[in-house]
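Each of the next two complexes has chain A plus one other chain: chain B in the first, chain C in the second.
For the complex of A and B:
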C-alpha cells in the first residue's frame, strides 16, 4: 500500500475506504477540540464592539494586539510569572530529590517492612487531599506560614506517592547487576544511586519533571487557600483575580480576559509540544500498572 | 554469622534511610493530620478559641438537617453520573480512532490531549464565554441550526450539563490510557478471529473490550474519584464577583468540595468542614471498593498477570 492510503490493488480498496471513514471522524472530532482554542484566540484579538458581533467574525479587520498589552497591565503579570516560577522551580527540585531517593529505597534495597510500607504509600494516592487539608491549614497557620510560599513548597521535601510509584516502576527495569558490580568495587549505596541509577533513569525523571511542572504551575486550590496578599499570587490565582475584577466592575471586557487566558495557557502548551512523549509514557505507566 | 547479622542491620538501616523522606511525610502530612481531622470533625471550632467537643453532632447535622449539604451531595452525584460515563465513551471512541494506524494520527492525538493539561482556570474562563447564552460560540452555532440554546450557567437546570460538556473537552488523559491498552492487544488475537470469520463488531465485543477492561476499570475508578472532587470549574465559573456567591444559580453547582471550601475558608467552621471531608472520603472509599468487587465479574486479566 502506498503511504497516501490509496491502494494499488483493487482487493485492498476496502482498507482505504475505511481510512476515509476514520479520517472523516477524526476531522469532525478534531475540529470540535480545536475550535475552542481558535475562538479564544479570535476573541482575544477583537475590539470591544466586534467581539459581540452577530454573526461572529472569526478574523477581525485589524487584530488588536494591544489587548495583550492591556491584559499585561491590568494585573502585575510579570510579578505573577516570577512568583509561579519560584514556587514551581522549588517544588520541582525538592520533588526530584525526595522521590528518587525513596523510589531507590523501595525498588533496589531489601529490608523488613518494605513491601507493606510501599503498599501504604500506594494506598495514600487514593486519599482525597481534603481529609488532611484542614488540620494542615491549621498547623501552617500556627507556624505562621499562611500567606507565604512554604505550605506550597515544603511538602514536596517529603515526596509524592504518585511520582515515587512512577520512578520505582522505572528503577525496577534497570538491571541489578550494575549495582552488584559497583558494590564489589566498593561503591556505597548513595554513590550507586547518584552515578548509576539516576543517569540511567533520565526518561523517568523527565516524565516526573513534566507532571510536576504542569501540576504545580496550574495549581489553583493551594494558592487559593494559602496566599492572601495580591502581590504574592501565582498566575492561576492572578487570572482568577482579574476575572473577579472585570466581572465585578460590571464591564464585559472578555477580549481582555481571553488575552490573559491565552498568556496563562502558553507556557503549558509550549512545554507540552516540546515533551509530549514523556507525558504519554507517564500516563501509560501509571494507567496500566496502577 | 555475625557478619551477615550486621549486614542485615546495615541493609535495614540503609533502606529506611532512603525511604525516610516519604516515611516522615506519611507521619507528618498524612497519618497525623488524618487523626487530627477525625478529632476536629467531632468539635465545633472557628480557629479563634479552643475547639469544643460536640461528639457526633456535626455528622447528625450533616446527614439530617443540613439541606445545603444534601443538595451538594446530589449535585456531585448528578455530575459524576453524567460526566464519568460520557467521558469514558468519548475517550474510548477517540482512542479507537487513534488506534487505526492512519498517517497523521500523532497530530490528532496531540490535539485531543492538549486541553487536559492546560490551566483549568483559563479553560474555565474560555468556556464561560463559549457558553454565554447571548454571545457564546455554542448558542451561536445552535442558532444557525435554528435551535434556541439554553441559558447554561444562568439556568438552574443547565448549569451542571454545562460543566459536563466542558469536562468532555478535557478527557484526553483518559483517552491516552485507553490508547495504551489498545496498543497492547496482540495482533495475533485479531488474526485468529479473522480466520474464524468473525466480523468487526464481534471482534470488538469478544477481543477488544475484554482486553481493555483493566484500563476501563482504572479510568472508571480515577474518574469517579476525580469527579467527586470537582471544584475549580464551579468556583471560577459560577457566582458573581462577590465571595460566597459561588455555586449558583440557587445552589445548582454547589458541589461537596465547594461547600467544604465555603464552610472552612469563608465561614471558618473548621470542625464542620472536617466532618464533610470524612463523609466524602467514606463515600469515595465505598464507591471504590464496590467497583473493585464488581470488577471481578467483568474485568479480564490474562493468566500470569496480577
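For the complex of A and C:
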C-alpha cells in the first residue's frame, strides 16, 4: 500500500481487504460442501479396503479405473439409463407444459376465486408424501398402472405446486404492457403465452428444468413403490441393488458403489453447468434466495 | 434405418415400458426377492428351469423395506412370497395377512427334511407356522493363528471358558508405540453379540416375549463385558464406531487378536489373508452350553395369493433348489459345513465345522432384542432400551440403571398392548396372548 492509500498493484485497486476476506470465507465454506463429493470420487478410484484405511488416502497411488467398468457391468446400467432417461424426459416435458400454463393463468388471467385456487394449490405442498402413498398406490393399482411408468409420468401433467408458484412469481415480473400491445395486435391468450411470456421466462424455465431434472433423475421412492420388474428399474434402484452383494454377511462393495454413484451423478452436474447462468437469474428473480 | 422408423422404434420402446406388466396367469407366483443385483441375475437364469419342470412362473419383484409391501397389501396386490422379520411376521399373522404354512405343506416331504428349530423359529404365538427361513448362522471367536504362535499360546478349543478368554486377551494385548501406532487389543466383541454370550452365561431368553425382563445372568454378563474395556484389553466401542472399521479389517491388520463374528461370514473369509482359525464362544463354568443361532426371519406366503399350492411349490424351490441360497443350513439332509468348505477350502481344519456342529447340538437360538420381543412390544421396548444400552456400553451409566428402567419401560408396553388388544381385526389366539401378558403385569408388580 502506498502512503497515499492507493494499492501499489493497479489491478487490485478497488478490491478491499474485506472483499477478499468475504470471498475467502465463502470459498472455504463452499469447499466444505465439496468434501463428500471428493470422498466419493476418491473411494471410486480405490480398492475395497482403502475406504477404511487410517488415515484416509485422498489421492490413490494407482487410480483403479476398472471400478467404473465393474460398476457398469454389475447391473444392466445401459437399460437403467435408458429407463431413467425416458421417465425424466417425459416428466420434464409434461411438467414444463402444465406448470407454465397454470402459472400463466394465475399470473395473467382474472377470474373469480383465482386467489383461493392458488392458495389451495400451494397448500397441497404441505401434504407429506407418506400420507398419500397408500391411497395413490391403491388408485394406480385399480387403474392397472402398477409396474408401468405411468404413475411416475402422468401426475406431472397436472402440475406441481412448487414449480407453479416459482413460475407465477416470475411471470408477475414481466410487464403487462407487452400483453396489452400483443392484444392490440390481435394476439390471443395462448399466443401471448407462447410468443411473449415463455421466451421472456427463460431463467425461470431453466430453474424449473434443473429442479425437475434433478428431482426425477434422483427419485428413489417413486420407482421403488411403483415398479416391480427388474428390467423396468431406474438408475437409483440399480444403485440400491448394488448395495448388498453378499448373502449373509451383507458386505458392501463400496468402491464399486461409489463408482456407480459418480456415473449416476454426472448428468446432474452436466445439466447444472449448462443451466447455471439462467438458473441463478431465475432464483434471484423468482424470490427463492436463501 | 429411416428417421421415421427410428422414431417408431423409440416410441415402441417407450410404450413397452408404459405397458402393464401385470399379465398374471393362474400359475404365476410373484416373489419379493432381495434387491441384490447378483441374486437377481442368478435367480433369473434359473427360474426358466423351474418353470419348465413345474409349469409355475416365478416373477421377481425385488425391493426391500416395508413401505411398498404395506402399500401392495392395501391394494390387495401383495407379492405371493415375501420376506418377513420375526417381529413383522406376528403382526401380519395376527391380522390374517399371511398363510399358515401347515395348510399348504400337508403331505409334503419338506417339513420332515427341515431341522425342527427351523419350523419353531417360523412359528407364532398361536402355534401356526408362518415363515420358512432360508439362511441361518451362528457366531464364534475368530483368531489370528500367527499372533497366538508369536506369543507362545495355544489356540482356544471348545472347552475354553470366559476366564480363559480374558487371560488370553490380556497376554495378546500390546500397548501402542510412543507415536500412538502399532498397539493391539486382545479381543473385540461387538455389542450386538453380547446377547449370544448372555445365553452362554445361562440367561434364559424365550422367544416372543411380550415384556422386558433382564435376568441376573444377563446383568452379570454386561458387567463382564464392560470390564474388558475398563481393563483395556478390548477397544472402546465409541472409538471403534468413530473409526468406522469393519470387523474383518481389525483382525486382518492385527489391531485385535480375537474377534467375535458371525459364522460363516463370507466377507471375513474373503478378506482374510493372514492365517486364522475360529473357535466356539467361551463357556461359563457350571452353565450348559447354548450356542447362538440366528434365523431372525423367513419367507412367508401372502394370504391373498391366488394359488397357495403353486406359491408353496415356488417357496420350496427357492429355499431348497435356487443355487443362490445353496447349500442351505435349514435342511437336515444337506452337509452345509461341507458345502462351505468346498467353496472356501481355507475353512477346512480351522474350526469352522466344529463351531457349526456345536451350534446345532446345543442350539441356544437367537436372543437378540429385535427378535426377542413380539411385534406388539418390540417398538416401545427397543425405543427406550436401546439408548440406555448405548449409554451403558459407553460406560456413561451403570448396569443397574438398566434394571431400574424395566418397570417404566413395561408400563409403556402395557399401553401398547392395551391398544393392540382393542384392535378388532386381531385373531382370537393372538388376543388371548396379549391379555395373558397384561394379566401377568397386573399380578407381578416387579414388571
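As a convention for this text, the second predicted complex is superposed on the first by the 219 of 290 C-alpha atoms of A that agree within 3 Å, B and C clash if a C-alpha of one lies under 4 Å from a C-alpha of the other, contacts with A are read in each partner's own complex, and residues count from 1 in each chain.
Note that in this section a contact is a pair of C-beta atoms (placed from the backbone, for glycine too) under 8 Å apart; a residue touches a chain by one contact, two chains touch by 3 or more.
From a predicted model like this one, the values you see are computed outputs, not experimental measurements.
By the touch criterion stated above, A:138 is placed in contact with chain B and with chain C alike. After overlaying the two complexes on the shared chain, residue contacts for A:30 are found with chain B alone; chain C is out of touch.
Of the two partners, chain B and chain C, it is B that touches more residues of chain A. By the touch criterion defined above, A:258 reaches chain B but does not reach chain C. Within the superposed three-chain model, A:225 lies in touch with chain B and with chain C [touch as defined at top]. In the superposition on chain A, contact of A:59 is made with neither chain B nor chain C.
With both structures placed on the common chain, the touch criterion links A:39 to chain B but leaves chain C unconnected. Of the two partner chains placed around the shared chain by superposition, chain B is the only one that A:157 touches, whereas chain C remains out of contact. By the document's definition of touching, of the two partners only chain B reaches A:268; chain C does not.
In the superposed model, A:116 lies in contact with neither chain B nor chain C. Touched by chain B in one complex and by chain C in the other are residues 52, 54, 130, 133-134, 137-138, 141, 221, 224-225, 240, 243-245, 247-248 of chain A. Against chain A, in their complex, chain B makes its touches with residues 11-12, 14-19, 21-26, 28-30, 32-34, 36-37, 40, 47, 93-94, 97-98, 100, 102-103, 105, 108-115, 117-123, 125-127, 129-130, 135, 137, 140, 144, 169, 173, 176-177, 180-181, 184, 214-215, 218-219, 225, 229, 231-232, 235-236, 240-242, 257, 260-261, 264-265, 270, 273-274, 276-278, 280-281, 284-285, 288.
Chain A contributes residues 3-5, 18-19, 22-23, 25-26, 29-30, 33-37, 39-40, 43, 51-52, 54-56, 98, 101-102, 104-106, 109-112, 114, 117, 120-121, 124, 126-128, 130-139, 141, 155, 157-159, 161, 164, 189, 193, 214, 217-218, 220-221, 224-225, 235-236, 239-240, 243-245, 247-248, 254, 257-258, 261-262, 264-265, 268-269, 272-273, 276, 279-280, 283-284, 287-288, 290 to its touches with chain B in the complex. Interface of chain A with chain C (complex): residues 49, 52, 54, 74-75, 82-83, 86, 90, 130, 133-134, 137-138, 141-142, 144-150, 153, 221, 224-225, 228-230, 232, 237-238, 240-251.
Only residues 13-14, 17-22, 30, 34-40, 44, 59-65, 67-68, 70-72, 74-77, 135, 137, 243-246, 249, 262, 264-268, 270-271, 324-325 of chain C touch chain A when the two sit together in their complex.
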